[in-house]
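So, here's a batch of structures to check.
Both complexes below contain chain A, partnered by chain B and then by chain C.
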Partner chain A sequence: MLRADGITVAYGRQRVLRAADLTVAPGVVTGLAGPSGCGKSTLARVLALLRRPDAGRLTVDGTEVRRWRHRASRDLRTRVALIFQQPRLAVDPRLTLREIAEEPFHATGRPVEDLADEVGLTPELLVRRPHEVSDGQLQRACVARALALRPRYVICDEMTTMLDASTQAHLVARLEAYRRETGAGVLAITHDEELLTRWTEPSGGPTVRMT
Partner chain B sequence: MTRSSWIAAGVLVALALAVLLVPAVAQLDQQLVDLRSANRAPSLAHPFGTDEVGRDVLLRVIYGLRVSLLIGLVAALVSVTVGAVAGLAAGVLGGAADRVIMRVVDGFNSVPHLLFGIFIVALFSPSPTAVVASVGLTHWTTAARIVRSEVLTLRARPFVDAAISGGSGRLRVVRRHFLPHLLPHIALASVLMVPHAIWHETALSFLGLGLPPHLASLGNMINDGARSLLAGNWWASLFPGLFILLPTLAISVLVQHWRDRANPRRRSELQL
Partner chain C sequence: MTSSLTVQNLSVRFRLPGATVHAVSDACFEVRRGECLALVGESGCGKSVMAHALMGLLPANATVAGSAWLRTEGAPPLDLLAAPEKVLARTVRGRRIGLVPQSPAAHLTPVRTARAQLAEALRELGNPASADELAARAGLDPAQLDRYPHQLSGGMAQRVVNAIALAGDPWLIVADEPTSGLDRPLVEATMTELRRLADDGRAVLLITHDLRAAERVADHIAVMYAGRVVSLAPAEEFFAGPRHPYAAGLLEALPSRGFVPIPGRPPELTDLPSGCAFRPRCDRSTAACSHLPEPGPVACHHPLEHHVAR
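Presenting the complex of A and B:
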């Protein structure tokens, strides 16, 4: 269980999250909806251990998170993967798609597995750099990277907002296959209500609405 | 490349060839004192004239440039390396470490650096090492500031978050994501530092604190030439002066070109 209790985050004097609670259970897709600027992405970063909240508690499978970013143990922070809204900003522009997708293996010293095929990346695409591919192709590499270390929880922060319908369907199907295969918990953040319903329904997961 | 960049590159190549080849093939000894031909005006035999003890100014300018360029390069490398390490540490560690390092930078910047440089060379006997230490220890702060501010913007980029989330430790993020992005900035800072370091070497030698007087350096030559300036011997200090200006201008033209290429948006905005 990935559980956030009373998470409060402020940027300077601007408070973006006020005592937010959220639980992501393993094996189901939890939906998170809300208007732009309500703090969904900030909450996603807190859940991925990338931002220390100003108040509140985060537990990952019963372990309370006390250290954040680099300081969090590697085991804990690789248990939660985050897929960003804008793939172009989420990749180092100097690396090839293969290097991007395989980065977590090299960072943790684990044997490299070929995940490109699962997300629909051809060998010809893998040698290209981010500026030579489309947003959809780049997001596929980001999904491969996020799933590389077999995380227990995957947070999809508006993952498909900028993509065409077929890529959207493909990536959601890939995440669904991953969830069924590993029993991982998925947090689907989007303001596309139709997508949210289609995504959360098969696993019967709840949808949380932020205001 | 524009015509001015080609000319600048040509000048630098010519100067580099001169300082590398001339000492190897020259028939004359640059330290040879010939009092019979002292203070000769520029002529075919001595295109830049001779100094007050009859040494050929052209030959000594080339030897002097060799020493000054070498000191400029080493001092630039030392200052940029120290600065880059300090800036990287401040940016990556953040918090208290950042505050301490930046206060040290402020401290160094609050003292006029020529004065501080003079203080440092005064601790040593005149030697190239003293000049390198003096320039290196007074000029690292610029590189530190550049590197730190770049690291701060890089740190906030989502791909760094993605790397952390993917299990990368601090060192790996620095090696894999920060350094490749920082290298062009560091390279630019070091190239810009070379002419500046040459100027400092010249200034310190001119004040009699830099290099030992027998060693031909551009600063020593201007210093020597200044004595005979009132007697109307303008060539002994003018030519060394021009040879400080020449590589400085050439390097700054090339840096300008490089900067425009590295940032095409800036160039297109300028053309509007």
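Presenting the complex of A and C:
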């Protein structure tokens, strides 16, 4: 279980999360919906250990998180992967797509070509840098990167809002294959109700609605 | 004369070490005041590059061919592809054409508040309106204007860049994915806003992957595949049953329909197959498809037939 209890986060005087609770169970897709600006992305960052909450508790498979960001243990950090809404803000613009996708490996694991192929990136795209590819192509690289370390939990924060219907269906199918193969828990954050239904239904996971 | 933009045989190539990217090839379409044209297509098919070419915002490794005549009442026609950068900067960008960019957060300066960036756009374009008025028109609460970009949600950032695009009162709006990151009510609101701009007599070129959003506002739908416009049809006709096999596949991938991806993957734009670029993924392809189909409303050798709707 990935469990958040009573998470409160403020930016300056602006409180964006007030005692939010959420559980992501392994093996299923949990849906998270809510209006624009309600704090879904902030909660996603807390769940991925990227932001220390001002109050509340996060536990990953029973271990309470006490250190955040790069200070968190490698084991905990790599157990949760986050795929962002805006891939451009999530990558180092100087790296090639190959380097982005293999960044977390540091020369271990499977060849990056296999992962890239699974997300639908052709070899010629791997040598390009972010400004030389489209948003959708960059997001495919980010999905490859997120799955490279075989996380137990994958947080997808509006992962496909920038993408056409076919690419969306493809990447969701890729995450579903990963979930079935590894028993990972997936949090699908989206404001698209139709997508939410199609994505959560096969595993029978719950949908949480924020206000 | 109504103001219009006529794009003819627009092609864009990027030079990369050892390769050429055929990002846009022989694209033709037109938008006029009062109309909304939606340009849809799979990721990487050249939609954003097309928008950037029209605005003169392509990077240095790009070459452009064709023409894009911008006809504005009371001004001589201007070929956007041939006009010098100075002319584009002084008379076109922001004043005749407003660009609503994709990745709004990446377009805002991180160290300045939304208000400062709105005010600057207004000042540069000589618009006496206040940042608050402009923000309100784009659906923003003026109280949120004092935030820095990283403190804005995706939806709020989108509305800030929408507001900036309108600062110079342009007659043509080029909106590149204006709804990505917005929740459904905001998508609806943005679409209503775009439709209102068209009904008020502006022209709207909507670049989107969101077919449902396109259905809400567009009068015409252009579908791009591998840099080419392969289908151009009135919206109603399109949604009743697209005749191009690729367009049909795209519609069928929607979560509200089959939710099945089109098999295979988009082609490498550095190494396009000869003939119809959709051939490797198309279940209707025959030997004839190794020749490029005639450009036109349905660029296909074997279009789908549809029963006349209703």
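Going forward, the second predicted complex is superposed on the first by the 203 of 211 C-alpha atoms of A that agree within 3 Å, B and C clash if a C-alpha of one lies under 4 Å from a C-alpha of the other, contacts with A are read in each partner's own complex, and residues count from 1 in each chain.
Simple rule for what comes next: a contact is a pair of C-beta atoms (placed from the backbone, for glycine too) under 8 Å apart; a residue touches a chain by one contact, two chains touch by 3 or more.
Quantities reported herein were computed from a predicted structural model and do not represent experimental measurements.
With chain A as the common reference, chain B sits beside chain C without any clash. In the overlay built on the shared chain, the residue A:R74 is in contact with chain B alone; chain C does not reach it. When both complexes are overlaid on chain A, the residue A:Y178 reaches neither chain B nor chain C. With chain A as the corner point and C-alpha centres for all three chains, the angle toward chain B and chain C works out to 80 degrees, nearest 10.
When the two complexes are overlaid on their common chain A, residue A:G37 makes contact with chain C while staying clear of chain B. Measured by the number of chain A residues touched, the leading partner among chain B and chain C is C. By the touch criterion defined above, A:L149 reaches chain B but does not reach chain C.
In the superposition on chain A, contact is made by A:L89 with both chain B and chain C. By the touch criterion stated above, A:H131 is placed in contact with chain C alone, chain B being left untouched.
In this overlay, which is a superposition and not a single complex, chain B and chain C have their closest Cα atoms 6 Å apart. Overlaid on A, the two complexes show chain B and chain C touching the same residues of chain A, namely 86, 89. Residues of chain B that touch chain A in their complex: 157-159, 161-170, 172-173, 176-177, 180-181. In the complex of the two chains, the chain C residues touching chain A come out as 14, 16, 19, 40-44, 48, 59, 102-103, 105-106, 147, 151, 153-156, 177, 180-186, 209, 211, 249-251, 253-256, 259-262, 265-266, 268, 270-271. On the side of chain A, the complex with chain C involves touching residues 11-12, 14, 34-37, 41, 85-86, 88-89, 120, 122, 124-125, 128, 131-137, 139-140, 158, 161-170, 172-173, 191-195, 197-199.
Put simply, chain A touches chain B in their complex at residues 45, 48-50, 69-70, 74, 77-78, 80-82, 84, 86, 89-92, 94, 103-104, 107-108, 142, 145-146, 148-149.
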